[in-house]
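Shared between the two complexes below is chain A, which pairs with chain B and chain C, respectively.
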Partner chain A sequence: MATTTATLSIVSPDLLPSSPLSISASSTLMKADTSVGLHMMESGSGELTVTASNGGVVLKEATAAGENTAAKVYICNKATDPTYYIQVKLHDTIMGRLYAGDWMFMPWSQGAGTQEDEISVEAEGGTCPYEWAIFKEGETMVARTA
Partner chain B sequence: MATLTPTLTLVSTDLSSNELNFSVTDSLTVTDPFIGMSNVTVTTTGADTIIVPSADARRFFFLRHTGVDGSGSTVTTDIKVEEGDENWFARVGPGEWMFLPLNCDGAQIIQLETTGGTIVAEYAYWTRS
Partner chain C sequence: MATITASINIASDITDYGFGINKEMTMTKADTTVGIENTNGLGVKNLAATTAVVLELAADATASKASKVYIRNTGSNKAEHVKISLNASASADDTVQVIGRLYGGDWMLIPWEANGTGHNIVAAPSTASEVTTIEYMTFHE
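Moving on, here comes the complex of A and B:
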């Protein structure tokens, strides 16, 4: 199984002038409830154009097979205009905005019931180049139908 | 106002034949209110641990599972991250962390509950100017 390490550093010299901020966190990306590493990755990049409301791009749709599996999601807005942003949505809930240069990384628990399902993104203000990656457990492909 | 510089690094030598070695950084201008690095003991009741209150503000949020419970013993259970009561969207395992933007435009909150027992979590959030 693969070993993938995600490391975060957050620094600020002036948030509290008397105590500069320096946060560091690192973890190996594991399958749910195991010490076995996630071994699959999907990634991509593209341009998001401003569309009508709810006209975003679905990065990943939850599947029944994916329920209770582990996944980690990375999204980055590569726009340079500081007024352009990407709206990140979990199902129909707007989680937050990634302005030009902003990125996010989080575990994502796909599934049914009260859990949030698909992750989608949509541009606001102007066209946003973006990149994304999802680290996940294996998927069983469905049988081909005639 | 202050400057926050978050950096993400992703590394793997065996995920695929294309070695992963990737880093991205950002520069965020942040202002009050913010909550600096804080610890909280999370229980199985999410409403007991609302760590990001509702507000009309754009924020960035950090959370880390410390891997120990309220008594300091190692745990294997997860933290469920909810953007409303029982509306969870992420399970954070021992040692794992997350960093993401929050819209918080009204009723949205972030609360935590465990899948069993107690867990000590670290968290912080900052408001964008």
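Moving on, here comes the complex of A and C:
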């Protein structure tokens, strides 16, 4: 069993008038409903270019095997121009914008079967280099056909 | 202008040669290098039923900016979770898009389109046999 630990720190000396802000969180990523670690990972990087139609590209399709699992997704916009951003969508719903240097980390339960649930990304402003990683449960491989 | 820094560290032995992510971001307003300076503070919800609830995020957040939302299931039970969804309205049963499940100890930090159609965030615990506690915070323009 693999052990994958995701740790977060959010700090600010001056957001709150009364005291510094400090949030810490750490989680070992497990398969759904168990204490068995997630044991598959996919990752990649690339460049998103602004296109005329700009419908974005699918970062990852949901799968039936992934439905209602405990997968986690990391995405980072590696652009440096503060006006360039990546719009992140779950199917037709806009989640938000990752501006230059921003990253996100979220659970993804892939509601395949009852809900279209792909993650898509699209660049706005200019070309955005990006990287991503998905930690997930195992998948049943597709049998080879003759 | 405030300075808010968020850091992520992911360490894994999922491969024999290991895998790691280390990234830090400073939260800035859209299209600028000026820091985000608004928050609704740290909220806490103790959920004793499986009924979905809409989180009270920042009602004054402007849509289509660089807002962020942090949510954590503060429990330790890896057999139960809270389902987080994007919602079309303030009605908790109007879920339009499930994001995913936060099991005990799990956290998320996502960009947020801000309130409005399709952008409310809803939490629905998987169990009523124990209290599920979540904490959440918004950083917004």
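To be clear about the criterion, the second predicted complex is superposed on the first by the 138 of 146 C-alpha atoms of A that agree within 3 Å, B and C clash if a C-alpha of one lies under 4 Å from a C-alpha of the other, contacts with A are read in each partner's own complex, and residues count from 1 in each chain.
By definition in this document, a residue touches a chain if its C-beta (ideal position, glycine included) is under 8 Å from a C-beta of that chain, and two chains touch if they have at least 3 such contacts.
Given the structure is predicted, the values throughout are model-derived calculations rather than measurements.
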> Clash or fit: how do chain B and chain C relate after the overlay on chain A?
Replying inline: clash
> Which partner, chain B or chain C, touches the larger number of chain A residues?
Replying inline: C
>> So in the superposed three-chain picture, is A:T83 touching just chain B, just chain C, both, or none of them (first/second/both/neither)?
In response: second
> Just chain B (first), just chain C (second), both, or neither: which does A:T4 touch?
Replying inline: both
> On chain A, what residues does chain B touch that chain C touches as well?
Replying inline: 2-16, 21, 23, 25, 27-28, 30, 32-33, 39, 41, 70, 74, 76, 88, 90, 93-99, 101-109, 115, 133, 135
> chain A touches which residues of chain C in the complex?
Replying inline: 2-15, 19, 21, 23, 25-28, 30-33, 37, 39, 41-42, 64-68, 70, 72, 78-81, 83-84, 86, 96-103, 105-114, 118-119, 137, 139
> In their complex, what parts of chain B are in touch with chain A?
Replying inline: 2-16, 20, 24, 26-28, 30, 34, 36-37, 58-59, 62, 64, 76, 80, 83, 86-93, 95-103, 105, 108, 124, 126, 128
> What residues on chain A touch chain C, complex-wise?
Replying inline: 2-16, 21, 23, 25-30, 32-35, 38-41, 43, 68-72, 74, 76, 82-83, 85, 88, 90-99, 101-109, 111, 115, 117, 125, 133, 135
> Hey, which residues of chain A end up touching chain B in the complex?
Replying inline: 2-16, 21, 23, 25, 27-28, 30, 32-33, 39, 41, 70, 74, 76, 88, 90, 93-99, 101-109, 114-116, 133, 135
